Each structure stands twice: as structure tokens, then as C-alpha cells.
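Look for chain A in each of the two complexes below; its partner is chain B in the first and chain C in the second.
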Partner chain A sequence: MYNVPTVRNTPTIRRLEGEHGSKQNRKHLELRFSRSQTHPPEDSPLTTLAVILPLALALVAAPLTALAGTIRTAWTAPVGVATAALAFAAVLWGWAFAGGGSVDFPWAPTWNLRLAFELDGLAALYAMLATGIGLAVVAYASKYLPLHLEHQNRPDTDIPRFHAFILMFMGSMVGLVMAQDLLLIFIFWDLTAIASYFLIAYDVHEEESRYSALMAMLVTGITAVLLLIGAMMLYVEYGTFLLPDLIETAEPGIYLTAAAAFMAIAGLAKSAQVPFHFWLPRAMAAPTPVSAYLHSAAMVAAGVFLIGRVYPLVQTSQFLLDALLVIGFASMVVGGILALSRDVLKQLLAYSTISQYGYVVFMFGLGGPYGAAAASFYVIAHALAKSALFLTAGAATESSGGETRLSHLGGMLRQQPLLAASSGAAAAGLAALPLTIGFFKDELFFEAALERGMPFPLLALFGAILTLTYMWRFWTGIFLGEERGESRPLPAAMLAPITILGVLTIVGGIFVAPFASLTEAAGMVSFNAETPISPAYHLDLRPVNLLALATFGLGALVIISRPLWAGAAGVFSRIGEVLGPQRWYDFSLTGLNKFSDRIHWLEVDTLRSRIVAILIPLGILVGAGLLVAAPAEAGIYSVGTVESADIPLIVALVLTAVAAVAATVPRNHLTLVLVLSASGFSLTAVYAFFGGPDVALVAVLVETILTILLLAVLALMPSAVLKRSETHGSTPGTKRRAYIVGGASAVVAFLGVWGALSRPTPEESVAAQHIELAPDAHANDIVTVILADFRGLDTLGEITVVGIALLGIAALLSRGRLW
Partner chain B sequence: MTLLLSLAIAMLFGAGATLLMKSDLIRIVVGMVLISNAANLFIMASGLSRGFAPLYPLPEGALVSDPLVQAMTLTAIVIGFSITALLLAIAYRAYLDLDSVELDELEEAEEREESEQEKEWRPF
Partner chain C sequence: MTEPKTGSGAKGGATMTVMTQTIARILFLPALMTGIAVLIKGYADVGDGFNAGVIAGLAFLLQYVAFGYEEAREKLRTKYLPAIGFCGGLLLALLTAFVPLLLGKPIFTHSPAPGAEVIHIGTFELITAVAFDVGVFLMVFGFALGAIDIVARATSRNHAGGSAEEREAGT
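Here is the complex of A and B:
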């Protein structure tokens, strides 16, 4: 049976202030991991509220905004911004002041399902990103969206849909990151996919949007099933969906590796890692704020979040870690090179995202405390920088009057100095220049690689150079060079989020402590042990600094030597278009569609094919069941005993069966009906010899009416019509086919029926009770009392069927008019 | 007896399935009748005991036939009969509207009708 744990040890992160904090960094508060049996988690109202409040606020944001939007379109943006801000504030409060917490309610106790949420380090990190960047994006969209709709001549009433879905995205992200029950995780996981589907397809009139949305939905939705499979595998083995319990009880082995691998694949597909990366650049069909959100804090981040969440299970297998290394590095390189060859701004950023999450997966693959913690730090740094860059891309396009290509933009530095400065900070952050939070992300990245040893630092160096190069291309392409046309001024609500994100990138490069402490807390959850990291500037020639210097030097070289490799990058991207996984996706999609059409036509083409479509699967299923059960039940088939008293019964049976078979022979309809009633009346005799006078009487009645009915219908139809029907289409071929199908059905039916009838008689039966109770119901006929009393509801159902059949017949005979 | 009953039920079912494969609506209805007869006999045969009719006063010490399956068979017979009547009504309706009870002819007639409707259809 299932090993259902009785004691739940929730891992809690508690804040210890004062004397404990004095040893280490006193600037940021120390976080501790407590998992001891003697100290159960504290369920004070405060810690409960710390979880419930952010979750509830994030989840109600979407419905509230949709409601406000339906009442008055103009209310959408303010309500959306306000609810997102409240959710962000609640998460911030819940983590920084209330110190996190957990709630755990029974959900479906018989399946050991629990509504378990916890605001732990990992959840806090991603929830802050989801709500914080969500807030920035919603604020930006309040100005961007009206412009976007104006370009497309769409009404303002389309606005609430956008805000509602983006906030639904936010809510499901917050739910996802807090959920501790794998089934809950799966539900929120799919909710994010649904939200992303509607957001990517927001410009519904464009085929490209619909195609891309479907692609994102299919790629992430089909792989989401793997998450469910992994969860079910663990549940079957350990009897619980709760991650903390699973982490404690699951034992390393092939089974756990397989389950963790399924969940990791779901995460990799959502994070657009090779070979699932093709959906992400396509998803750029969405409006810019959606892309910004999708890439930095929602959809794609959810993938690496999941890996971080189940990392304690993943890291039990060195094979999985190595696989993550390979996939991460492949994504890093493929995404980086393709980013170098793209001309459309958002495409460049999309490939950069693939590459950047490749870093994160690579770090998870490197393993060790540095790998786990650095991965989380990387997500923060990337989210801040990438969302700012996407919003910049949208702003540049808006300002230039709709230009999306890098080769047609340039020289905006003078016209948009603030935009240039903020996005410069963000680009520097992504390129890991000093004095930005990005510098530390690469410092930790190199540290993790060095911890693992050669050749990983060289691979890391390669990835970092690629990043530096394409970021340089992006920023200089927009802001430097000659001016192209006039640049329109941008509204403050669009510039403000970019500026704030840019400033945060710089602030993180100077005051890294709060980010580092959040990362340590998150890393602790992933690594299931403490992960001390100490990002700082060191003015010496330690290996990490050497690698950083090498990045800058070699990056500059690559930038200068652009003409030498630009062609090669283009060729690489062409090869990808011809041989890449997107072709396989299209191929399998059209193939499946055709297959489904084929099956559909096979099934519903004619009545005959429909009957065959029922009979054949039935035969296969029964046959398969028999095959499976055959070894165990070989002895069960019994011939039964025949007594002399049974002879009349046997005679009637033989008559019934022979007459039935004979009914397949005659051409003439009249003969057919007479043979049928011969079989039917013999059957009534069988019922009589079976000791069932009630059944026999009713059967005689029914057979009589049926015979009359059949004869009457035949009499109503002209003989010419019947003649045609008798002769048409009865070739030897069709006859043979009919007998083959009939014979095969008979064999399968025989095996099934014989097996069922051979089962031994149980000791007790309901019938015995019925017989005993019949006198109490004031009846002598037990069958009658069963029909009218004990199983009266069956009879009611039967009468209903007769009534419906009657209505149908009446409607058919009166051409659909009943009165 | 078990073997004989199973054989009889299988023959009824097989004969019914054979008739279902024909292209004549009347034969298809007859096939359905045979299949429901097979089902009824199967329910009847799956009774736990066989003996005297389950009527009071019960004979002392002798076996009584299982009354429960009889009640169920009765229900099944009546339902089967109403379905048969409905099927016959459909066949009759098909004859009235399309002047045939033959599947291929019916299909052709249906296609003709559809293409005529298609012809009449104008977008605006």
C-alpha cells in the first residue's frame, strides 16, 4: 500500500535576528533553514497571512480588472496597475517583513491531495519578479496598448481582455511558485499556458499570431503532460504529491530519475531550451509588453523555476545533471549565434532569452551550491535587464513610427537620451559589465563553472562573449549610428518602467546584498542545503576576474571582427530553418491532422463503416482482455452439467440459435421477418424453461407486437422499394465480408460470454434477500415486486426510455411536427 | 449447459452482426433485434440459480430461479423493443423522404440534397 506520511515536516525559512546575525553580514538578515522534528513549523496568524495575502491579491487581480473593464473601459488600466501594485506590495511584505510562511489545507484527503502553499525563498524570488515586473508591464501597457490598437484600427474595448489575461498570468505564476503540491503546480502550470495562449494570440486577426499561439500552447501543453506523468509516478510510489515529503522520502534510483526527468523536460520546454526553443521567437507575434513579461518573469521563467523547485529530486542523478549541462550549453550557443544573425529587434531578444535561460540550465547542470544559487541569481538579473530591453524595443518601434528592424533604426541617442541611458544600463546588465547586477551574475556563473573544473569555464566564457556581442549589436543598432527619420516623443508611463528597471540594474550592481540574500534563500530551497554566495568586487587577478576580463577583451575583438563572421552566423540560422525542430513540428502537426481526417472518414463515411468502427475496437478490447486474463483464468471455463430435465430447454435454445443464423440467409423480407419471429418465439420458450414465467409472457407479447410491426412497415412500403433494397449491393464480396465480420463477432462474444457465465456462484446473493423480503411487500410474484418496488427506479428509467422512443417515433412519423 | 448457453448467445450475436453489415435498413433493424435478444438471453443466463419459478408459495427445499435477472431481462426486453420501434420508424421516414431503404441509395440521395442546398446558398 501507499506509504502515507503522517507527520509533515514543512521546511521553513525563518529569520533569526539580533545575536545570530552578528557573525556574518549584518547588513542583510540571515536566513536559516529549519527542518527539525522537534520544531514544527510555526503556524502563527502572521505567517499564514504572509502566504494567503499575496496569493489572494495576485489571484483576484485578473477578475477585478476584467470586471472594472467591462463596466468602463477606461477603468481597466488604473485598476490593473493598482491590483498588480497591491500584489507586489503583499509579496514584498510577506517575505521581507513577515518572513514568509506556509499554509496547508486538506483538499481531497482520500487521494492525499493538499492545498499546500509556502512562501519560501524560491517562491519569494519568482513571486517578486512576477508581480514586480507584472506591475511595470501593466503600467507600460496602459499607454502602449491604446497606441497598438490605434495602429490596427481596433476598438478600445479590446483593452480589458489584455489586462485581464496578463494579470491572470501573474496570478497563476504566483500560485505556481508558492504551490508545494505537485498537482497544484501542474494546475497553475497549465493556467500560465492558457494565459499565454490568449496573450500571444491577442492580435487575433493575424494568422501569424494564431499560429504562434497554438504552437506555444502545443509545445508547452504537451510537455506539461510529462510533468503530470512524473508527478503521478512519484505519487504511485510514495503516496503523496507534496514536494517536501517527496524530497525527504524519495530514494535515488532509476525510477526517481525517470520521474524527475519527465518534470525537467516540461520545464525545459517551457523555458524554450533546445530542441523546444522554436516556439519562443514565434511568440514574438504578441504585443511587446506580453513579450517582456513572458520572457523575464512569467512563462519562460516558469520553466527554470520548475527545475529549481524539483532540483533536489533532479540532482540525485548525475545523468540528469549532465543532460542539463548539454542542453543548457546547446541552448546558449544556438540562441547566442541566432541572436547575432537577427535583424528584427524582438527576434534578437527572443533568441537572447533562449541563450540566457541556457545559462541558467547550464548552471543547474553544473550543480553544487554555487550552481543552484547562481541559477536563481541569474534569473533575477536577467529578468530586470530583459524586461527593460523588451520594453525598449517596443518604445523604439513606437517612437520611430512602427519600425521593427535593427537595420532601419539608429541614432536615437540624441532624440531619446533617457531611453538610451536606461536601456544602456539594462544592456550593460545583460552583458555583465561592472557596476551592474549583471556583473555578479557572470561572476557567480564563472565561479560555478570553476568549481566544477575544466572545460566548463571555457564553455562559460564562450557563452558570455556571445552575450556581450549581441547586446552591443542591439544597443548600438538602435541608439548609435546615423539618425533615421524623426523620433516621436514617448509618454512618461512608457519611459518610467524602463527607467526604473534600468536603475534597478545599476542599484543591484552596487548594493547587491538584498539580491544575494534572496538568492541564498532561493538556492537553499533548490539545493536543499545552505548555499552561501558572496558576490562582491575584488580588485585582484583571481580566476573569476580573469574570465570577466577575457570576456570583455575577446568580446571587443568579436565585435570589431563582425564582417568576418556575419556570413557564418547567417548560414547557421539558414541551416536551422531548413533542418530545425520547427520543421518537425509542422510536419508532425499536418501529419496528425491528416491522420485524424483519415480516421474520421473511415468512421463516419457510411453506416456500415460506423458499425465496423464500433465492432472492431470492441473485439480488440475484449480479445486483449481475454489474453491478459487467460493465464490466470485458464481453469475457469466450465462446460457445465446437463440433466435430463434440461432437454426441452436445449431444444428451444437450438431452435433460437439456428433460426437466428437462418435469418442471415433469405432474400425476401417476409421470409426474413418470419424467421426472426421463429427465433424470437423459441427464445420465449427458453425463458419459460428457465423458470421465468413473467419474462416468457412479456416476451411473447413483445414478439407478437414486433412481428406485427415489422409486417406493417413492410406492407406500407411498395414492393419495388423493398425489391431494390434486397438486390442492391449484395455481391458475393459483400456477403463474404458480412459473414466474416459476423463470425468474428460471434467468436469474440462466445469467449467473453463463456468466461462470464463460467464464474463460480457466490455464497450470498441479492436475489436471496429479494425472495425473503417479497412477502413483506405484499406480493407473491417476486419478479413483479422487484420491478415495482425493490428496483422501482430501474422501471422508472425504462418507462422514460419508452416515452422518449414514443416521442421520437411520433416526431418521425409526423415530419417533426408533434402538434 | 454453460457451454451450450454461451454458444447460443454467440450465434445470436454473430447472426445479428452479420445482418448489421448488410445495406438494407430492414435487415439492420432485424440485426439489432437479434443482438438485443442475445443480450437478453445473456442477462437471463447469468442468473445465479435455475429452478422453479420465483412465485410464492415456494417449493420446500428445491431451487428457485434467480428473480433479479428476470426483472432485469424484462426491463431489457421492453427497452429493446422501444428501440426497435424507433429504428423502424426511422427506416419508414427514410422511405417516405428519400424513397429507399438501401444505404448506398440513401447516401446518394443525401448528397444530392446537400449539393442542391449548396447551390441555393448565397453568402449575402
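Here is the complex of A and C:
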């Protein structure tokens, strides 16, 4: 015989309907999967190795260093430098000698998720920056960090953490730039955010550090969700996260524009572009090597990298390109002007970074082959120069005994000639003077602007002049002017990275070909077509050269006329502080905190308010459901007929009702418990007569346990308390409230049950299917077969919850012991 | 330990009557038997692992009420029973769920397959779904007994201690 549960609308049944839906989805996905089979993995061992080796070395650097550091602190730096060097060498080898390559491993084929990595031009460029500058930074930090910790009286055991997180940053950058699957990109993207959080908050005892780290994490983390949303939008539409496939199949339109815009916003926030720029100067709270890395090759570079990676999707929409132009130009100007008004070295550099990446975004916005390629070239030139400049700032501070302000530094040229020369090369590189790699970055920049036509060359000129001005200010502020106090000698390990980076800036200005070819390869990925560029010196009066000359001339003018505009720059930065986006950030953060606190208090204030917080929304929802359902469905709230077979049922129902009403009368607690359980047991009889023996059985058991529990609780209560509550009558006010609440809930419950039970049976019910399938499952009892077979996974989840509840009880009452 | 031999129903130092204790003792095995029966007949008749676990738990609860924590625990040797129920139940359920995965089938593929012959031992059927049901029984029983035991220990240690945690002992 079949025991059919007659109580319809149980969660089980609804869940089953849900499963039907997901089955259809799965079929849909399988179709999609077969479509994307057109992307066969290349499986030459060499090209596979060219991807796997750099990736593996970069990813393994952090754990290895952390391990070495835990064993012996002194091993941290050597192991860190060695692993970074190995990773750098592997990237160089993989690109220059093996010629790049790709791997594609479907790890969740049902959802078409793949571990797809490719060492293409764009990946090679950024991976070299991440590992190369990572190497320089780790080497520099091996000397800088002990000094830094000594200033703060912190133990050496804090060192491994630093190196491990820098290398984790490096590893996630390498993973990010090689990933071809948007989901992988998202994962590595968030890993960089996590690494940056711990690095910015490295001086964890300082509130400023923690605040800044949280800000960087929130700004980049919340916008990272937009990246995920964009990726999901594309996945839903095209059934794949794989970028090459998406670039091939995605059709221009509003949908694609929206998805690309979401991803671009994530990139812009990470590159600290207006209006997200405020987190970057804050992040200067981090130790100097972190800033150097964040700005040149990692965090901020990751932002423009992402734009470069999804650029083929972005450039399908002229609107997005124009938006990039506006944002890039705004960042260029805001960053440039604020850099002119800052006194603290690292602040100046931070705003210059905002401005410099504004250039890059601007170039992406300009579009065309020159725009895409020039953006990549710009990133290389900027990374070399900016990391050297940051390390210079740290070195100058260290050498002067902790001075961080430009107005209190000066005249270091004589005492630190090598530092002055190397950082001079780097500054010249950023300011685009001839014979540095920077000259070409501006040449390409102007070229891209000219390609687009007026007025963009003028905007570009404006940006270039700003750069020249603040770079002049930075370098002369440290090295020229009168000497201020003693300057301590610096260890070679701190000077060497700066020198090497400075030399590279010069070398790039003379032998530009290798950089240009790397750029062309990267530009090809971004532009999805050839992007030939030919940076070279031309001794003639072509427009590009005229613009460069104009930059130098006007820049000199601006530098000389500093007293005229210094006040204006100060006012601009003041306005930014009062009205700028950081205000909005603080405002929304405190607002959200307050809101959350208030909700929290509403819930936990008293037991009564907590119950009210649950019951009132429940009542409103059920009531709304009744109002909506009543007119929509025919036959609901109908009154049926009573037949003689129904008499036992009615008797049981009446008994339940009588017991329920009677429960309001007794004062004595024991009587109350017994009356309540009488009501419950009568309800059990109702289930039994209604044709649900399984439900009845469960109800009997629950009722029994509940009665015993209530009695046990009574036994635990001090008898005085019980006596007092029995003899003290309730006030008329509480009585009235009790009647109102009781009446209201009775009406809602009555309507709810009536509505549910009077609803006509649907034609095709899940119950019928269950009955049909039960013999196949060798079962006679439908309920059991539903629990153990049809809905087995749900049951597994439920008993796991039961188990966790037991562990919770054990944790609360017996310190986690089960015996 | 303040009230070694009395259960929770006793107020003001009054011990459980001999009558209650005798009935509790007599009822223990039949109650367990009922639980097992509900479990075994699960696939053929009303009831399943959930109910069976609760019934078996109730059988023990009755002993705790009648004899008090110390004595019940001592006599019935319940010390490791909750842990065994918990671990064994979870293990059994997970095994039936995921072993098919190792054999290349979707999870929760029960065998024998639909239409195949099933070995019957009375109403008891030798199928993996029943094994899963036994896992459910063990887990629920482990939970019920564990919750009773822990709460009883806490209240016997600190007589004013709370016991609201036992609410979930039902389904």
C-alpha cells in the first residue's frame, strides 16, 4: 500500500520542482560546452613548459619563502630573492626563447570552466614587470626591512610575512596576466587584493595603516565584484569564460558594452583612476618597497592590464572609449595638480602614479593601433622609472634619518652621487627627456593623440607638461638646494636595484628595439590586430618632435613661474579634500556601519523584539500572499461538504481547538503544559485521519519530546519564580495585548491554512510522479523513499546540519567534548 | 552531583518513585525494539530512519529522567554512544552518497537498479537506500542521545543551567 502524504506544498515538493528547472539548465550547458570545443589546446611540450614553468615558479615563491622564514628568519631574504630571480628567469626564457605558449585544462567541464593560461605578448610584458621589479623590490627589502623594523622596535620574526606577501603578490600577478579564463582572472585579481591588504597593513600597530589597507581592500574589492558581474553576463550570454572565444563570438551591442563597462570599472578602480583615486595616496602608509611594487608592477598595473586584456571587448563601443578618454584625462589632470601640491615624497609619487596611469587610460581611450600599443609601452617605461623613484624616496628617507617631507630634504647630491644619478635617470625617464625610454613613451603618446586629431594633442601636451613639472620638483627637492643635516651612507643592496632600474631607463632610451617588439606583441593582444610601432629619434620638425619641444619649453616656464600657481594648486587640493570622493567613502562606510548596528540591535535587544522581528515580517508576507493568491486562483477559499466519513476528523479538530482555547485559562504551569500537549496530540490524530500516517508518527514523537522538555524546564526553574508568576495576575494592558496578538495570529493562520488546503489539486502533481517511481526504487513507503532516495542529497544536508547542531551543543556546554 | 539519583521531574529533593523507575526499566528494551522495527520496516511501512532515531533517543531519555544523569550513564554505558552514532551515521551516509561517484556514476545512485531483483529478509530489503536510511538513523540517534547527555551533564553540574538547546531533539 502507498502512504501518500496529503500535506501539499511541503518544501520537499517545491525543491523538487526546482530540480526540474536545473536539469533543463544542465542540458543547456552541455550544448554550450560542445560549441566551445573548437578551442583545442596546443600540446607541444615546449610551449606547455613555457607557460607552466614561470607560473609554477611564481606561485611557489611565496610558500617556499614563508616556509624558509619559519624555519629560520635569516633564510627569508635569500630564498625570496632566489625564487623571484628564478621566476623572472623563467618568464624571460618562456617568452624570449620558447616563444610563449598556452595550456588549457578543463577542470569543471560541465560548466565549461577551464584552467586556461597563455604566455602571450601582454602576459609576457606584465609578467616580466611583476617578476623583474618584484626581484628588485625583494632584494631592496632585504636591507630596508630590518632597518624599518628597527625604527619601530619590532622583532625580526615579522620579516618572513613581508616577503611572503610580496611574493604572493608576484605569483598572483603572474597568474592574473596569463589567465585566459575570466573566472581565473577574477580569482587572481582578488588574490592580489588580499596580498595588498596585508602589505599595506604591514605596520599593523598603526591605525592609519589599517584604515588605508581596509580602504584599498574595499575600493578594489567591491569593484572586483563588478568584474565578476561582467564575466557572468558574458558567460550567461555566450556560455564561456574564455576570453579568446568571447572576443571571437561576442557581438557589439548594449549588452556587451555593459559587460565590458563593468570589467573596465574594476580595472579603473584598481588603477586608482578618478573617482576611485583616493585609496592610492592612502596606501602610502605601507613600507616603501610595497609602494614601489604596488605602483609600478603590481596592483595599479593590474588595473590597466585588465583594461588591456579585455580591450577587444571594450573597443567595440565608441561610448566606452570616450568614457576612458574622459576618465584618463581627468586622472591625468587631478593627479598631476595634486602631485604639484604635495610635500610628502611618497604622496607626490602616489599622485604622479594616478596621473601616469591616467595617460595609459587616455591612450586606451584614443584607440587605434597606436593607442593600444603605446599604452603597453607606457606601462613598461613607467614601471622602470616609478619603481626606481619610490625606492629613491625610501632611500632618501632612510639616509636622512626618517625625513619624509620634500621641504625638509635637500642638497643630497654631494653625499649620495650614485643615488642622485640613478634616480635622475629615472626621473628623466618619467619626464620624457631624450636618451631615456621615457622619450619614446611620450613620442608614442603624442603619435596616438595626433592620430585621433584635435584637440587631443593639446590635452596630451598639457599632461606631459604636468609630468615634467612634478618630476623636476621631486628630484631637485631631494638633491639640489642647501644641505640639511647629515646623510647616512646606504647599503649596497638598497642602491643596486635603483641603479639597475636607472640604467635600464637609459638603455631603453638607446636600444629601444627589444622593448618595442615586446610592446608590439602586447599591443597585438589588446588590439586584436597588428600594431606596428617604430619609436626612434628623428632630427626634424615633425609634429611629434614639436610637441616634445613644446613640452620642454612650456615645462620650463611652468617651473619658473611656480610662485604664481602654487597657491592655486593648494586650493585645488583643499577642495578635493572637502568635496572629494574620499568624503563619500567615509560617509557611506560610517553610514553602513550605523545601519548594520541598528539592525543588529533591533534583533538582539530583547527576546521579545527578536521574536517580533521574525513574526511580523512573516505575518506580513503570509498576509500579502493571501491577498495576492485569493483573487488569482479559482476555487481557493471554497467551503467543501461534510460527509459521514469525515466525522472522526472533525471530532479531532474540535478537540484540538478546544484544547488550544483552554490553554489560555490555567495559571498553574504544570496544567498549562499538559493542556498544550493535549492540543498537540489531538492535532496528531487529525494528521492520522487526514491520511498522513508518516506525518502523524513524527508529530507524536515531537509532541512527546516537547512535553518532556517543558516538564524538565519547569523542574529546573526555581519554585519561587514559578509561584510568583502563578499568583501575580497580568495587568489589563498586557491582557489586552495578548488578546489582540492572539486574535490576529489566529486569523492569519486560519486564512493561510484554509487557502492552502482548499486549493484544487494541480493536474500534474509531484506526488503522482513519486508514487509512479516508488516501485522502481523498491519501496512501498513513499515518504521513506523520498527521504532516502529521491531527495537523498537534501537528507544528507539535513543530517549534516543535525550533526553540526550536536557539535554546537557540545561546544557550548561541554567544551566540545562528545563524551 | 547535587542530586545523584533523581531525575528532572523531582522538585524539592523528592526522588522519583519506585514505580516510575520500574516502568522506565521495563519500557527500555521494548522502546528500543520499536525504534529498530520502525527502521527495518522503513521501506515497507510507515516510518523511516528519522523516526526510528527519535524513538530510540526517547527510550534513553526516559532512563535519564527516571534514574538521573549519573546512574543512567553508568548503567547504560552511553559514554561513547553519541560519538559512535554521529561518526558512524555520517560515514555511512557519505559512503552511500559518494561511492557511486568513484564508480563513475552520479552521486546517490542506489543499487540494485530499478527493476533488478532485491534480496528480502522479511520486510527488510538489502538495498543501498536502506543503508543510507540506517545512516540517518544513527545520526539522529547520536544527536538525540548526545544532546540529552550533554544537557543533563550540564544541569547536574550546575543545577540552574539552561536546557533550551534540546529543542531540536524532535525532527
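Everything that follows uses one rule, which is that the second predicted complex is superposed on the first by the 581 of 819 C-alpha atoms of A that agree within 3 Å, B and C clash if a C-alpha of one lies under 4 Å from a C-alpha of the other, contacts with A are read in each partner's own complex, and residues count from 1 in each chain.
Convention: contacts are C-beta pairs under 8 Å (C-beta built on N, C-alpha and C of every residue); 3 or more make two chains touch, one makes a residue touch a chain.
Here the structure is a predicted model, which is why all the values come from computation and not from measurement.
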Chain B versus chain C as contact partner of A:L672, first or second or both or neither: first
When both partners are placed on the shared chain, which of chain B and chain C touches more of chain A: B
First (chain B), second (chain C), both or neither touched by A:L793: second
Which of chain B and chain C A:V713 touches, first, second, both or neither: both
Partner chain in contact with A:V783 - chain B first, chain C second, else both or neither: both
Touched partner set for A:V639, first chain B, second chain C, both or neither: first
First (chain B), second (chain C), both or neither touched by A:H770: first
Partner chain(s) touched by A:L806 [first = chain B, second = chain C, both, neither]: both
Touched partner set for A:A231, first chain B, second chain C, both or neither: neither
Which of chain B and chain C A:A297 touches, first, second, both or neither: neither
Contact residues of chain A, present in both the chain B and the chain C interface: 693-694, 698, 702, 705-706, 709, 713, 716, 779-781, 783, 787, 795, 802, 805-806, 809, 812-813
Footprint of chain C on chain A - complex, ascending: 3, 693-694, 697-698, 701-702, 704-706, 708-709, 711-713, 715-716, 718-719, 776-781, 783-785, 787-789, 792-793, 795-796, 799-800, 802-803, 805-806, 809-810, 812-814, 818-819
Residues of chain B defined as touching chain A within the complex: 1-30, 33-34, 37-38, 40-42, 44-58, 64-75, 77-79, 81-86, 88-93, 95, 99-105, 107
Contact footprint of chain B on chain A as seen in their complex: 606-608, 611-612, 615, 638-642, 646, 650, 653-654, 656-658, 660-661, 663-664, 669, 672-673, 676, 679-680, 683, 686-687, 690-695, 698-699, 702, 705-706, 709-710, 713-714, 716-717, 721-722, 724-726, 728-730, 734, 737-739, 741-743, 745-747, 749-750, 753-754, 756-758, 761-762, 765-767, 770-771, 774-775, 779-783, 786-787, 791, 794-795, 797-798, 801-802, 805-806, 808-809, 812-813
Chain A-touching residues of chain C, taken from the complex the two chains share: 8-12, 38, 42-51, 54-55, 58, 61, 65, 79-80, 82-83, 86, 89-90, 93-94, 96-97, 107-108, 110, 112, 114-115, 118, 125, 127, 129-130, 132-133, 135-136, 139-140, 142-143, 146-147, 150-151, 153-155, 159-161, 163-171
